[in-house]
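By letter and in written order, the chains are A, B, C, D and E; residue numbering begins at 1 in each of them.
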């Protein structure tokens, strides 16, 4: 993908949305401001030469080191990284969008970080976002039916978070 | 048999009659129940062969022929549980209703010239009517087991069986018309002789009617591509989901009973019942009267004939079941309303015109001089018009009814 | 009313046993009659509408048995097929569709029961007195002995069929030509067939699926005509 | 999608208008391929809305991925799509090799193509048999399993397991093929090829099968792409996409030089490299029949690929090459790779942080997206069509729930 | 009252009339008692059957004998017509009941008093 020229075109048309990129990585990626993810996705899907019409995968990576000893050595501070993999069936090319979110909204433990939902752009995001909400605890603004999809509806906690504690019992079934 | 008991045993005749009646009933019931057991075993074996595997081999000796007995014992010992929401009385009674309905039809089914429970003048009509009653057992079972899925199954089956009675009735009317009476024994008698005397080969219309009859029979007995009621992929097991043990086996027995009944009916109506392809008895000059012993054995051979034809019919049903996928409920209804009924109606009209044009069937008809055929044609409608009297006039003398073999008399029901 | 009936059947049974030669015809008549009456009374007594339908089926089946016993084979088979196989299946469908929880068993107040039983007793008394009073009706047909096995059943369907076509071919077996004019039934037969057609159209029109008040979820492209056709068929 | 908020999850049957019924199909329903629960809102026979409830088989394999080294996680990938475990192993191994920029030997690449295509064959056989079961006929299921058993015997000889192999691993395969294996595989292919015509006559061209599947559950091209469907479901709707040709270089390099055509209806006709049964009139591109047909054609295509792979594998000399050490250090960075599995594009995403244990291991399931389109396909169909449509999507719950 | 000895005589027309009477009465009571519309329908069916039995009794060859009272084949023909028309009547009655049920969501006959003044 002639990345660099594509990158200029993108940052020119979306001022301030793209705040970083790395085209030499194994999977070239661009970093986007969390609030404008929907707008960038809409643009990526609509522009003639890119036409990323298929969202392959949404992943939430919880950068947080629970035990203090290792936390000291680590150079990044705790945050959640959202990774969107896109694919274009026309140009047969792929691209990765990354955004960073605080672990808790306003650093208040229990308040889920919020990010606009891309279900408007790709309908497959409906289930993918429900899974990310279910397992990693990210609230998607504007999602039509944000409920848990894999865990039972009344499950407490978000399993894929690093500081997740398995509950002792669930409806009388011993869990740990 | 009864006379034998009265003259020799010296019993008062009403006991003699009681014994004969119960013996006959016992015999018929056991032949059918035994047949059902054999069919269960045959179904397993045929399904296995079709699916390139062996089927039961170890139970009871070489070919696993005791498998159905083993099934029977398993069903007997299994616990008859009943869902708590179920309506007790109806839940228990439903299997027996459909069991009796499917076995009651065997009263009027003749196995040979005189081997018949009760020789009804309305034989065919009675059998079709009783066949329709089986749907009650299914509806009650569906309703009584208080689960959505069995209600679905019951509704589907009821709709299907009731709507397939129409084309079934129409197909049955064609051989009745050819034979001139609804009495199964007369229909069987009229097809004596070589195999081309059978109504199947009587004329092209009856040939097609036979195939329509087979489709409708398979549908009204809920087998093969039409087995919507117990469509396991959608409705788990349809109306008998909640049944287990002995009650379930009654439904099973009812299904095999009516399968045998429907194929036996097909054999009598279209395939010459107890008349073999080659009329051995008449060639050897043996009489099949009801008196002497040779007649008895000839009728026994006739009975064997009918049983083989019926069993062939059942085996074909099994063969079709294990090869074809299942139709959807609206496709089943469309085949009934848009294909079977109109074709059956057309075949009925065709067969009627054919009998008027060539009375006596395809082969005999051609043999007669053209003049007579034309005259037959004239007499037909002409004869009909002559007969209609204005109301109020004295009825035509009944003699006309007995002597003349005019086609009109054949048309009467 | 029910208990009174039990006494009569009890005594009836006793008398029959004492007779040396049990007349099978009478025995079967008793069985079918008992079944028909008992089920009819059960229909009245039960509250559950589904059980009512089931008892009605048994009662009409027993009546069909009575028809066979009375020699009217064609009408018996017709009753089994059209009445029980057709009408009652329709009725059971109706019961199933409406048998939601509150309507399955609706109790009738005690007062109505008292009134109804008085009405029943008077009506029954009148009818029984009428049916038993006339001596002519008491004498059974001479020709029928105790269940004599008829060799070949004289065709009871064909004369009826011909009668429907307007040609009365049945000569009175007793030879007496009764004064009543023996008219054919061709005209009523045609009228009934037209009538059935009209009823069919009427019922279909009445029970057609009306347009739903709340619009159903949007139909996808390929499915809509299938849905219309299926709804009309179902 | 219609708003269906049920405040108390245990009570699913809330007040429904009298003529409409809420009916549960599954999770213990025999026809829904494993533990899938469908809540149908029906009016008599017509289904107005389908809501699928998944998660009954959820084991959170991704959480375990954060405590195991990549080679230790291979057995977990087996249990995602347990009908095509070989392809899952291949996908994960390639993702790790992509992150570590490790290149396996040429012999290993041909071995991987051979084993992956055999796995696709076995998986499509199950798909075909189970679909016959959904439509009510039992015999094709047994024929399919008779052939599949032979493939499982071959796999048993290579790695000792019949369902969850963990054979293809990071850096090649755990062991080379045993002697005499190629001849057995050759014999299997020779006796299998004529049987395919039987399966076509059993189901594909069977009049009742066509009646039950043609023009049922029509998935348009745009909808398929929008819902992220992939594999036979996507190609059944006429989208010409197959990762073995269009994928990333590390995956497509394995298939370099192999002669194969992507099975899709391009400008009105399917590839004509073999005599395939004709498409019936009633079938519309994107319906259940086409999805089934694409799978049946891919079976033939896989047989050709296996034959070519066998020739190339026997032509390579030298050792297969040892797989990487169990606790190989992972470079910092992340890698995402999708491979063409029998049910669709199965993606694996690996984030390394320098230690042998990955920071995050994510699996993107193809059936997960394929199933998400179900409520669009089943709107307005009959109850009997729901299993027909679910069967045509050929989903596996292990892969969806992970 | 020579009521009881009738039961010992061989079966004649009056025996059938007895059964017909019981069925007729049960039908009438059922129509009067039942609150469910379908219950009333079943009452009608019972009444019709009571009448049918009488028709058949008078018209059947078995019971005719030499008594001049028999109406010969007409009895069976009329019974036939009764059965056919009962089928038609049941169809329309059910259509009306179902419509009533769809509009008023009740089958209770007592609640059908919209036409009351």
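Methods note: a residue touches a chain if its C-beta (ideal position, glycine included) is under 8 Å from a C-beta of that chain, and two chains touch if they have at least 3 such contacts.
Just so we're clear, the structure is a prediction, and the values are computed from it rather than from any experiment.
Chemist: Find out how few touching-chain steps suffice to connect chain B with chain E.
Modeler: Counted as steps through touching chains, the separation is 2.
Chemist: If you tally contacting C-beta pairs for every chain pair, which pair wins?
Modeler: C-E
Chemist: Comparing chain centres built from Cα atoms against the global Cα centre, which chain wins on proximity?
Modeler: Taking the mean of C-alpha atoms per chain, the most central one is B.
Chemist: Looking at CA centres, what chain is most distant from chain D?
Modeler: E
Chemist: Please identify which chain has its centre, taken as the mean of its CA atoms, farthest from the centre of chain B.
Modeler: A
Chemist: Can you work out the whole-Å distance between the CA centroids of chain A and chain C?
Modeler: Taking the average C-alpha coordinate of chain A and of chain C, the gap between them is 73 Å.
Chemist: Between chain C and chain E, what is the separation of their C-alpha centroids in Å?
Modeler: Centres of chain C and chain E (C-alpha means) sit 7 Å apart.
Chemist: Would you kindly tell me how far, in whole Å, the mean C-alpha position of chain E lies from that of chain D?
Modeler: 65
Chemist: Which whole number of Å gives the spacing of the CA centres of chain C and chain D?
Modeler: Each chain's C-alpha centroid was found; their separation is 60 Å.
Chemist: By the touch rule stated above, which residues of chain E touch at least two different other chains?
Modeler: Touching at least two other chains: 102.
Chemist: Using the touch definition from the top, which residues of chain C touch two or more other chains?
Modeler: Touching at least two other chains: 23, 74, 78, 86, 88, 93, 156, 160, 168, 182, 226, 230, 234.
Chemist: Okay, in this complex, where on chain B does chain C touch?
Modeler: 2, 12-14, 17-18, 87, 89-90, 93, 119-122, 125-126, 128-130, 132-133, 135-136, 139-140, 143-144, 151, 155, 158, 162, 165, 181-183, 330, 333-334, 337, 387-389, 391-392, 395-396, 398, 401, 412-413
Chemist: State the interface residues of chain D toward chain A in the complex, per the touch definition above.
Modeler: Of all residues in chain D, those touching chain A are 1, 3-5, 9, 54-55, 58, 60, 62-63, 98-99, 101, 223, 225-228, 239, 241, 246, 248, 333-336, 338, 345, 347, 349, 351, 359-360, 362, 364, 368-369, 372, 401-402.
Chemist: Which of the residues in chain A end up touching chain D in this complex?
Modeler: 25-27, 53-57, 59, 61, 83, 85, 87, 89, 92, 94, 96, 122-124, 126-128, 131, 135, 144-145, 148-154, 159-160
Chemist: For the complex, give me every residue of chain D touching chain B.
Modeler: Contact set of chain D toward chain B: 21, 23, 25, 29-31, 45, 132-139, 142-143, 146, 202-203, 206, 208-209, 211-212, 382-387.
Chemist: Taking the complex as given, what residues does chain C use to touch chain B?
Modeler: Against chain B, chain C makes touches at 20-24, 48, 50-51, 54, 57, 61, 73-74, 76-78, 80-81, 84-86, 88-89, 92-93, 96, 99, 146-147, 149, 152-158, 160-162, 165-169, 171, 181-184, 226, 229-230, 233-234.
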